[in-house]
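After the structure tokens below, expect a handful of questions from me.
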Amino acid sequence: MTIEQSTIKQTTMAAAFIATLKRDLLISFKKKNDVVNPFMFFVIVVSLFPIGISPDSDRLSEIAAGVIWISVLLASMLSMDNLYRSDYEDGSLEQLLLSPHPLFFMVLAKNLSHWLVSGLPVVLISPLLAYMLNLPQAAYFTLICSLLIGTPIMSLVGSIAVALTVGLGSRGLILAVITLPMSVPVLIFGTLSVQASLNNTSPAGYLALMLAMLAVAVSLAPLASATALRISVN
Amino acid sequence: MWLWFSKLGSPKWFYELSGRWLPWLIAAMTIFITVGVIWGLLYLPPDYQQGYTSRILIVHVAVAGTSLAFFPLMAVAGVITMVWRMKLADMVAKMAAPIGAWFSFLTLATGSIWGSISWGTWWEWTDARLVTMLFQLFLLLGVISLRSALEDQDKAAKACALLSIVGLINVVVIKYSVEWWNVLHQVASPVSLSADSPNGPQFWIAIAIMIVAMYLFLSVSLILATRNEILQRERRSQWVQDLVRQS
Amino acid sequence: MSSAISESLRDEPNSQAMLSAQNLFCERDERVLFSELNFALDKGQVLQVQGSNGSGKTTLMRILCGLNDSYEGSIYWHGEKIERQTESFFASLLYIGHRAGVSKVLTPIENLRWSCSLKQQIDDEQILSALAEVGLRGFEESPCYTLSAGQQQRVSLARLLASPAQLWVLDEPFTTLDRTGVALLEKMLQTQAASGGAVLVTTHHKLDIPALNILSLG
Amino acid sequence: MLEAIQFSSFSEFIHMGGYGFKIWSVYGLFAIFIAANLLLPMRKRKQILREQKRRLTINDEISRNI
């Protein structure tokens, strides 16, 4: 047996992408805590607001969209920490970096899997919480749409900060300090779109803007995450 | 070749060049600050609308305008660090972040003092500029805390370079989204910090002088800090040791 | 500072050699780890990197497989700089570091399915036979946290068998292995060399391999 | 030059149309800001030089004794 390049059947990029996605989903499925805890955190934080502010349904309906958006933000940041850390600790990240396929797509696969297990469930439960916060019916659809577009942006942007801090022994709150200011634009347009449908104007403009932001994030953020990972593993 | 040049040549070259320039820069800075402050305090006529508060504005606008330079500066230094691995660029970026935080903080402080007179409140969420400045301060603090968290100097240099580039994009996006956000929250918009209100040419000359003064001050403080950083990082090199012996 | 295997490399990259390094220089925390390091590694060779603790063995390994880029000098893969052909270089490289690259929550077979398919197409048969060869028959479906450190190391060794690669870069692969594991790995190194591959390995272990070259650091 | 000064008396200059305290505190902050960013690096420079000089003399002595 001789080892020549021609005898080795290389995987296609798509196959490597799918393998990484499958693996991450499998790990999330096996480590249920990492998935369930951020979700529970989200539900609990949202239910604390009425207690802290006021049970008055009119006031709640005013702040509902903002409360849900900020809680989503915090929950997504919390779940983010696991994105690369265990891979870094067990050495899988090195294997990922040594893949012959562009790291961009491998990072994208990991971000996608992270969003599927942490972003999507939050989006799906949000109508229930919106009901509990007395958000007017007219805004439900917009809220879900804006969350559907906004949560992947947060995953993609947060991934950069996680990648930068993955090698740190004591990350503490540094992740929050870096990520939270970055999510201001998403928060603004997310809440503005809900506000628009509450005012009976069309939220389409904001959602389109958010879609544009998502497009930019998908094309640039994995590049930054990949660079950050190479720096951190260096 | 390039690597060798940037690694060994640059800090020394910068140190010597900046040593020659520093007296002139300090002299120019002193003149501009003195002229600007005296002009502002003594000669600036009270604005018919804003009264004496234009004296605050000249400081505030100059500091604010200068603090906008920090993220572009750090991002450019970051690109140089990542592409050409020039150590000097990283030293400049490292020292720029805290100075930038100072600038942003002073912008916020003077802005809110101005606001307390003109708006009757110390903080106004409807002013896009102050809100943007607040988030710029947060982003700068993020860069600083990332720098202090990473122990490996090389890693810290690259990580902060990347974060500065991402941060620059973010500041720009935040600026536009906050402006948009304000336009749409049709709160009775207070007098903005811009040139809406009629001010005489005296005011604009004062602001121009102060802006030049602040950029000079930025360069002087950045050069001073960078020279310290060079002395520390290059302490093993022969020229720094000679310099220390002579001192 | 360090012994060079092939002094003739100094001027021109050896296009015959599979992997060669020229004038490598690396400094870490203001301490020079190595400078003017030259060596060449050819088909059928095993190169053992030796050196005391902290002499930069791990750093060298990470530099050579492209994980660390804070070095000066040039590294050539088949006579061409590695930066210019990372894809084909990574495709023909297998690296095992201090950390095995094995996720603890996954089973050995799930781990290998992923890590092998980053590089090449592979089916479960190949994975199963590789796992059997490293002595993990019966453990294929148990999560890796139930395995011992040595067994986890064997999972990552199975990767070497399941997906053939021209170059193996192994950083202290013997540390957690028991005696049969050591013998197994030595045999694997020999087979790799005999079949036209090459191995870079750091270890304090005395290797009993005919095609062995030694590079000493520090 | 003197005619152009906007104040007729010193107390009016301090008072600044009732906003004296706020305006002066802006200039005070400004002064502190400038002084801090110039003096702190200068002090640090002295500190660095002193420390490095001490280290160098220790090193020199060690090498002389050898």
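Letters are used for the chains, namely A, B, C and D, taken in the order the chains are written, and counting of residues starts over at 1 for each.
The rule we apply is simple: a contact is a pair of C-beta atoms (placed from the backbone, for glycine too) under 8 Å apart; a residue touches a chain by one contact, two chains touch by 3 or more.
What you are looking at is a predicted structure, and each value in this text was computed from that prediction instead of being measured.
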Maximum inter-chain contact count - chain pair: A-C
Chain occupying the middle, per Cα centroid: A
Mean-CA-position distance for subunit B and subunit A (Å): 32
Between subunit D and subunit A, distance of the C-alpha-averaged centres to the nearest whole Å: 46
Chain centre separation (subunit B, subunit C; CA means) in Å: 48
Centre distance in Å when subunit C and subunit D are each reduced to the mean of their C-alpha atoms: 57
Where subunit A touches two or more other chains, by residue: 234
In subunit C, residues with contacts to at least two other chains: 70
For subunit D, residues that touch 2 or more chains besides their own: none
Interchain contacts, given as pairs of chains that touch: A-B, A-C, B-C, B-D
Subunit B to subunit D touching residues, read off their complex: 33, 37, 41-46, 51-53, 55-56, 59-60, 63, 99, 102, 106, 109-110, 113-114, 116-117, 217, 220-221, 224-225, 227-228, 231-232, 235, 240-241, 244-245, 247
Residue ranges of subunit C in contact with subunit B within the complex: 29-30, 70, 72
Partner subunit C, residues of subunit B touching it in the complex: 3-4, 152-154, 236
Parts of subunit C lying in touch with subunit A, wherever the complex brings them together: 65-70, 86-88, 90-93, 95, 97-106, 110, 113-115, 117-121, 143, 163-166, 192, 195-197
Subunit A-touching residues of subunit B, taken from the complex the two chains share: 82, 135, 138-139, 141-142, 145-146, 149-150, 154-155, 158-159, 162-163, 165-166, 169-170, 173-174, 177-178, 180-181, 184
